[in-house]
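For reference, the structures are reproduced in the following blocks.
Common to both upcoming complexes is chain A, partnered first by chain B, then by chain C.
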Partner chain A sequence: MIGELITLLITSVLLNNAVLNQFLGLCPFMGVSRKKSSALGMGVAVVFVIVAAGIVTYGLYHLVLVPLNLEFMDLVTFILVIASLVQLTEMFLKKSSPALYKSLGVYLPLITTNCVVLNVCLVNISNGYDIAHMLVYTIGTPLGFALVLYIFSCIRERLEVADVPQCFKGNPIALIVAGLMAMAFSGLAGII
Partner chain B sequence: MLSAIVMMIVLGSLLGAGLGIAAKVFHVEPDTRVDYVTSHLPGYNCGGCGYPGCSGFADALVSGDTSSWQCKPCKPDAKAEIIEYLATTPGPDGQTIKVKG
Partner chain C sequence: MDFAQLFLAILFFGSLVGIYIFLFLKNKKTPKPEGCENLKADCEGCKDIYCPNHPTKEES
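Up next, the complex of A and B:
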């Protein structure tokens, strides 16, 4: 049991990484990775939203939707929950850290449409996870997202001063870097 | 069918109530100058200034992101009014804003 959970954690953080392996959440991945500080802020915000949304939607599904035979409503209710949680995060950040709020800009409300969030909620249900597996997967996936986002922002800060060919400056070289990172991470597939 | 409707109404109102409480708890005093500038801009949201809509440009002016006038469709007297207002009204930090016309 414990071993299985650890395997699931490593899988969701590194091997089946949301960004590099499933190509989810690429919008903030490209958008807020210019600066390390905003990448960290985004990572923490996404971790909070996913952990809260994952737990709430799991509870909602099994305690409300299943008893009422309303399983087909899962998508609608999950989006409602996610949107409210993002709104809450936005209010909290606006109050507690206006600088971070400004540096995240439009990408903060866009967490609502960050497909990693909905993916975690739906996979929790469709894979039939019990509570322990759900918690591990719900925490592991955003951690993997935040980790990759932070590594990527470190590389991009170095790219700013690197001698990049004119036609690759900016986003093109960043996309190439993302591809190279995906290849590097696929090399980790042998650790399990 | 009925249970789906009732469930959505209950869930929506619960989440709405939660957000309402959170809005009270995390209330931030907004800079009133932004509202004034927004209301005196043309409101076309043309995006010609490079900011997301007129409120985005008003935000940039008040927060000091830009100090030059970039709104092309704005009438000259409304523009003069805004520049005059920003130059005479101090913000929460006691500073006024100079905008180049």
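Up next, the complex of A and C:
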């Protein structure tokens, strides 16, 4: 059981990475990766919202939708729960922690449209995970997203001062780097 | 699908929408902390022109 959970954690963080393997969350991956500080802020905000959304939607599905035979409403329920959670989180941060709001607040509305959040909620249900597997997958996936986003931002900061040909400057070289990162991460498949 | 289940589905959906609207309005009314009035994302814009952080939204 423990070995299975460790495998799931490594898989969700490195091998089955949301960005590089499943091509999810590419909008914040390209848009908020120019500076390390903003990438870190976005990463932390994504981890916070995905963990909260994953736990709430899993509970809601098994405690409300299944007993009422309303499983077909999972998608619309999860979208509304994620949107509500983002509002709640933003309100909570405004009131309780201005410093945290200053660093994360601007990224919270962007997370509502981040497809990684919805993907985690849907995979938890469709794969039939129990609570332990759900928790590991719900924590592992955003950690993988944050890790890749931070590494990518470090590379992009270096690219700003690198001698890149004019036609490759900006997004073209960033996309090439993302492709190379995807290949590098796929090379880790042998560790499992 | 029988009538009771349809009614439950509509009721459940309505309550979720109600919760979202309540939280949205409550969040809008909550004042931002000092120094956070004009926070902007460090985003130069992707192709999603409907995103609230897209630079064209700030111009209009």
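The criterion applied here is as follows: the second predicted complex is superposed on the first by the 172 of 192 C-alpha atoms of A that agree within 3 Å, B and C clash if a C-alpha of one lies under 4 Å from a C-alpha of the other, contacts with A are read in each partner's own complex, and residues count from 1 in each chain.
By definition in this document, a contact is a pair of C-beta atoms (placed from the backbone, for glycine too) under 8 Å apart; a residue touches a chain by one contact, two chains touch by 3 or more.
Just so it is clear, the structure is predicted and the values come from calculations on it, not from any experiment.
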Per-residue touch tally on chain A - higher for chain B or for chain C: C
Touched partner set for A:Y150, first chain B, second chain C, both or neither: neither
Partner chain in contact with A:S38 - chain B first, chain C second, else both or neither: second
Chain B versus chain C as contact partner of A:M30, first or second or both or neither: second
Partner chain in contact with A:V81 - chain B first, chain C second, else both or neither: both
Contacts of A:T113 with chain B and chain C, given as first, second, both or neither: second
Common interface residues of chain A - those touching chain B in one complex and chain C in the other: 64, 68-70, 73, 76-77, 80-81, 84, 87-88, 91, 94-95, 98, 102, 106
Complex interface listing, chain A residues touching chain C: 27, 30-32, 34-35, 38, 64, 68-70, 73, 76-77, 80-81, 83-84, 87-88, 90-91, 94-95, 98, 101-102, 105-107, 109-110, 113
Chain C to chain A touching residues, read off their complex: 5, 8-9, 12-13, 16-17, 19-20, 23-24, 26-27, 30-36, 39-46, 48, 51-53
Chain B-touching residues of chain A, taken from the complex the two chains share: 60, 64-65, 68-70, 73, 76-77, 80-81, 84, 87-88, 91-92, 94-96, 98, 102, 106
In the complex, chain B residues that touch chain A: 3-4, 7-8, 11-12, 15-16, 18-19, 22-23, 26-28, 52, 63
